[in-house]
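Next come two complexes, and both contain chain A; in the first it sits with chain B, in the second with chain C.
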Partner chain A sequence: MKGKQGIKKVIFLYLPVIAFIIITLAPFYWMIVTSLKHSTEVFSRPLTYWPKEFTFENYSKLFSGFGFGRYFLNSFFVSITTTLIVIVLSLISGYAMSRYKFRGKGFVYLLLLCTQMFPAVVLMIPLFETMNSLRLINSLWSLVITCSCTNLPFCLFMMMGYYNSIPRSLEEAAQVDGCSLLKAVFKVLMPTMLPSIIATGSYAFINSWNVFIYATAFITKKEKYPIPLALNIFQGEFNTDYAGLAAGCVVALIPVLILFAMIQKNLSGGATSGAVKG
Partner chain B sequence: MKAKGRARRNKLYYKRVVTPYLLLLPVLVFVTFFMLRPMVNVFIMSMQNYKILEPGNKSFIGLSNYIKILTQDEVFIKAIRNSILWVAVSVVLQTILGFWLAYLLNQKFKLRGIARALVLSPWAVAGVMVGIIWNLMLGETYGVVNDLLLRLGIIDQNISWFSSGNMAMAAVIIANVWRGIPFFAISYLSALSSIPEDIYESAKIDGANRIVTLFKITIPMIKDTFVLTTLLRSIWTFNAMDLIYSLTYGGPNNSTMTIPLYIMTKFKGEMDYGYASALAGIATILMMIVAFAYIKIGKLGKEEMY
Partner chain C sequence: MKKRRLVALSMAVIMSVSTLMGCGSKDSSTSGKKQVVEFWYHAADEKSNKAYEELITKLNASQDEYEYRYTGFASKDFPDKFQMAIATKTMPDVISTGFGNVMTYVAQDALVDLTSYYEKWDQKSDILPQTFDSLKALGGGKIYGMPFNYDQQICYYNPALFEANGITEVPTTQAKFLELTEQFGNREKGTYFYSLRGVKPSDNLFAWIFTYTDGAGYKGSFFDENNQCIINKPEFVEALDVYASIYKNKWVSGDSVNNDFNEMNAEFSAGTSMFVMHNSSGRRSISTTLGEGNFKQTKPLANEEGRYYAPSMQPQVYCVTNNKGADANYDGAVKLCQYLAGKEAVSELCQVLGRTPVNTACYEADWYKQNAYYPLYGEIMNDPNYVQIQNPYWLMTYANFIKSDMTTDFQALLLGEKSAQQVLDKWAQFLTEEQAKYLQDK
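This part shows the complex of A and B:
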């Protein structure tokens, strides 16, 4: 009986889980292996599943020849700035949405929900004009502003959910003890909120790191490219240097995968249920 | 004394009323200026003859752009068809696989935390990079997929994924499914974990087996999540174009051209802002119909939202 149960578990649980893991990781594996091959070995027959000779030349070429460091810094600037703006604003407005009853709350909620469905390709056209009149075309600030706007509503919902999960009595008790509301929020709520702030921030960071559609619309100067745009151009320009392309992907993926590992537990928490945008 | 007390109370009351609006002000200003206003502008621009390559020729032309799209534009018809195929196949496959994955991850087993982090990781990968990674996977001579299929004897010559229309569509959908499963799994996971254990316990006592439990308890319990996730992800899949942009750029012969990508090519390639806006207007109207259904159905879970 026990043995039969065990076999069942292997067939219906372990095997499918392993299959999912293999299918998920295979492309990553292939990308890393390709990035460590000489660019001629990529086309060698038969295909090699493990580099005959390890090389880091693709990585060094990436930074010396292709100027990847510049793009990395651009993306970093956009993501960090956006993250800070989004955290501050969603902390403030999430508090209002969670702790106050006010006229028009339902409307605000619905409005913010609707903005989640606005397609980037649609907003891109009029925003190009706006950025043009603000003289922000080819400035990274155009991406900071756009990323902040597109990420704010969802991050606000995330924060609202986190506030909702903290009992109101916490800051009320502090207020009774003579704290002002602001002080109560900062001294009492913030420490408990820290993991949530990190989760929300990482979410905004990953999304802005990956921004592409707006970047193609607003940025045409090479030295201002963020990573996804640079990789896309790279793909077109050096049509056959797949090893270099793979190396670029590896470098670009490192920060987001680290952040993802940190927050993946939060993503399926109650606050964000059903609506993780990508 | 009394009056002072009233004034103080008034002030407190006032503070209480005004505070939430003040707190929300920055977000509302941001959203109004950079999201709502552009949305209105798209419709204004869609009624203009507005081509960057013909400067000084900007004029109001009413619905001409729309009429041209709906009556003369063959690529548009193709793009609509492709978009429907792209959304439908992606979402159906992702729903099934995503639910299966969530169902597996909701059970207790050793190293579950690590397994979870691994299988959900494509979530964080940018669409452009998904395109590049799958280009490496599917490339005709350097791709590992062809090589594996050859070795396993499933095919006897390399498939050229990107030169035939149907195969190119299959390729972008495969890449998109790989990327999208985590989105679904994450939604379903939180729904599944909210089902109380004791329901399963009592079903077990009543002699229900796994399959019966799945269809009679689990799926009905998370029906709302099913509906919402499917609708929301349909909209986002419809909008997503960065993957196709980097994997096939709509080709060959427009066979993977979707509506958002078509907008992009008109905007970026031909710089025909009026026409691109009209396409965007049509896409938005389509979206609004779906979104309306979403909000209507979303009312199901409204109490917990406010």
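This part shows the complex of A and C:
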């Protein structure tokens, strides 16, 4: 009986999990291995699943000749600033949308929903004109503003869902005990919403870390490139430096991995906590 | 207390990073007394960026009138970026671009006619005459760009794989090529003689059908004496059928249908195939991935008469943008174009980027004479059996047509969704109509 259950467990649990892990990790494995190969080995036949000769040249080239450190800082600045702006604004506006009834609330809701329906390409020219007249072309603030605006509606919806899942009586009780409304929100609601804030922040962070389309429009100066734009330089007209590109992708992935490692616990709860109104 | 610290710390980090980044944008069209001239390069990578930055620094140090500024874009980003600049009237002063895109930009009134500047240029006589002819034909008599390098259509092969497979003679004719493609195409083993290009196939495809038909007697022209496109004649249909049969008979990889240059090169460099057709500018990439000395070049495949057809001289060019109006002074921008198309700059760039110069003054330099690959291009250029295909890039829509429609139709043909006759009828009709519009406007 026990043996039968053991086999069942292997077939229906361990094997699918192992298959899932292999499928998920294979591209990452390949990317890392490619980044540690010489360019000529990338295409050598038979294919090598482990570098014949390890090289860190692709990584050192990134930071010496290619100036990746600068691009890294640029992306970091855009992502962190956007995340903070989005969290603060979605916290406040999410509360308003969740707790207050006001004239035109349905229209505002619809308007926010509509903003999610435009593809980035449609918005590029008007946004470029706006940024140009604000003299923000080739400034990282153009990306911060755009990323904040494009991420805000969805984050607001997320935050609104979280507020909806928290009983109103919680902040009312705090107010009965003498808290002002703001104090009740920040002292009582926020701690309970921490996982949700982290989930919202992660969404904004990752979206702005990967910003590409708007960056191609607003940024022309190399020293202002965020990482996704810089990675494109590896793809020339008639040549692609696959090993260098792989090294760049590995480095670009590190902050996202660290972020996920740090917030993983909160994320799984936070992302779904507002999904069902209690 | 902890939260306050956290907030304070976050703010401090943002402020310091922001200060370090220099987030503000301070751009002006003049820098001190100097007039600023912006230059956008269309196919930047690490090497070209370095080479151009050095050249621009030299140019800035050599004169006080203009301040030249360089920006390099990845080739995939450039078209969108420049389109945006045209739409928002924020074009730079000078751009580089491929031959095929010139008329697309002219149609948008984005480029200045450089004919008068070209005529006065002291290095004009050094430019390959074929280049000059191509540019003039392209612009309907006007010249819109200063040429700096060109791509010669050639074939690459892997001598080690040839030897391992007992191939003693490099194929020079289409017939021999077909024989080898059939003999060594093995989908079970995943090894092939040839890598076919399914995405943007125009250069290989037209080289094949024009060579196969010997141009149907029209010397590389797409049009007959009545300006009717000839490429749907029965002999062209047969030629295209033969070319598509390479895929249909499974003599090349199943993925070929989605092969662009990078994928084609990946197959070649991985040893999946041992023969590819491409242009001379692909050499640097093959050299990086396969290793210098592991490949050789040969002339394009010939027909039974020994003649071979390949795209005409299609140089990359530096263009001056129409960002100030027709009557404005473009001297600063033209000076930059002439400097970059001049002997010194072209020498430096072609050495670094592995391109083929059109400035013949470079041909006497040691770096050119000692290069193992250039003699073949010179030989082709002077070969009486080489016939240039006159791609109708003067049609404003042609560049987009070969990028999108042609890819879709050719893929449909390979997958058996369309016949060669249907495909060529569609292309011929389109080109005939566009030619008629062009002639009418002219």
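Criterion: the second predicted complex is superposed on the first by the 229 of 278 C-alpha atoms of A that agree within 3 Å, B and C clash if a C-alpha of one lies under 4 Å from a C-alpha of the other, contacts with A are read in each partner's own complex, and residues count from 1 in each chain.
Here, a contact is a pair of C-beta atoms (placed from the backbone, for glycine too) under 8 Å apart; a residue touches a chain by one contact, two chains touch by 3 or more.
From a predicted model like this one, the values you see are computed outputs, not experimental measurements.
Residue contacts after overlaying the shared chain place A:N58 against neither chain B nor chain C. Touch criterion met: A:P153 reaches chain B, while chain C stays clear of it. Within the superposed three-chain model, A:N132 lies in touch with chain C and out of touch with chain B [touch as defined at top]. In the superposition on chain A, no contact is made by A:N266 with either chain B or chain C.
Residue contacts after overlaying the shared chain place A:K222 against chain C, while chain B stays out of touching range.
For chain A, the partner touching the most residues, choosing from chain B and chain C, is B. By the touch criterion stated above, A:S79 is placed in contact with neither chain B nor chain C. In the superposed pair of complexes, A:Y100 makes contact with chain B only, with no contact to chain C. Using the contact criterion defined above for the overlaid structures, shared-chain residue A:S208 touches neither chain B nor chain C, since it reaches no partner.
Of the two partner chains placed by superposition, chain B and chain C are both touched by A:L47. Chain A uses residues 42-43, 47, 124-125, 128-129, 216-217, 229, 232, 235, 242 to touch chain B in one structure and chain C in the other.
The part of chain A that touches chain C in the complex is made up of residues 39-40, 42-45, 47, 65-66, 73-74, 76-77, 80-81, 84, 124-125, 128-129, 132, 135-141, 216-217, 220-222, 224, 229, 232-242, 244.
Considering their complex, residues 10, 13-14, 17-18, 20-21, 23-25, 27, 40, 42-46, 48-50, 71-77, 80-81, 84, 87-88, 90, 261-262, 266, 269-272, 279, 281-282, 284-285, 288-291 of chain C touch chain A.
Of all residues in chain A, only 9, 12-14, 16-17, 20-21, 23-28, 30-31, 34, 42-43, 46-47, 49, 89-90, 92-93, 95-97, 100, 102, 105-106, 108-115, 117-130, 145-146, 148-150, 152-153, 156, 206, 209-210, 212-213, 216-217, 228-229, 231-232, 235, 242, 245-246, 249, 252-253, 256-257, 259-261, 264-265, 267-270, 272-278 touch chain B in the complex they form.
Listed in rising order, the residues of chain B touching chain A in the complex are 16-17, 19-21, 23-24, 26-28, 30-31, 34-39, 41-42, 45, 100-101, 104-105, 107, 109, 113, 115-129, 132-137, 139, 141-142, 144, 147, 178, 183, 186-187, 189-191, 193-194, 210, 225, 228-229, 232, 235-236, 238-239, 241-242, 245-246, 260, 263-264, 267-268, 273, 276-277, 280, 283-284, 287, 291, 294-295, 298, 305-306.
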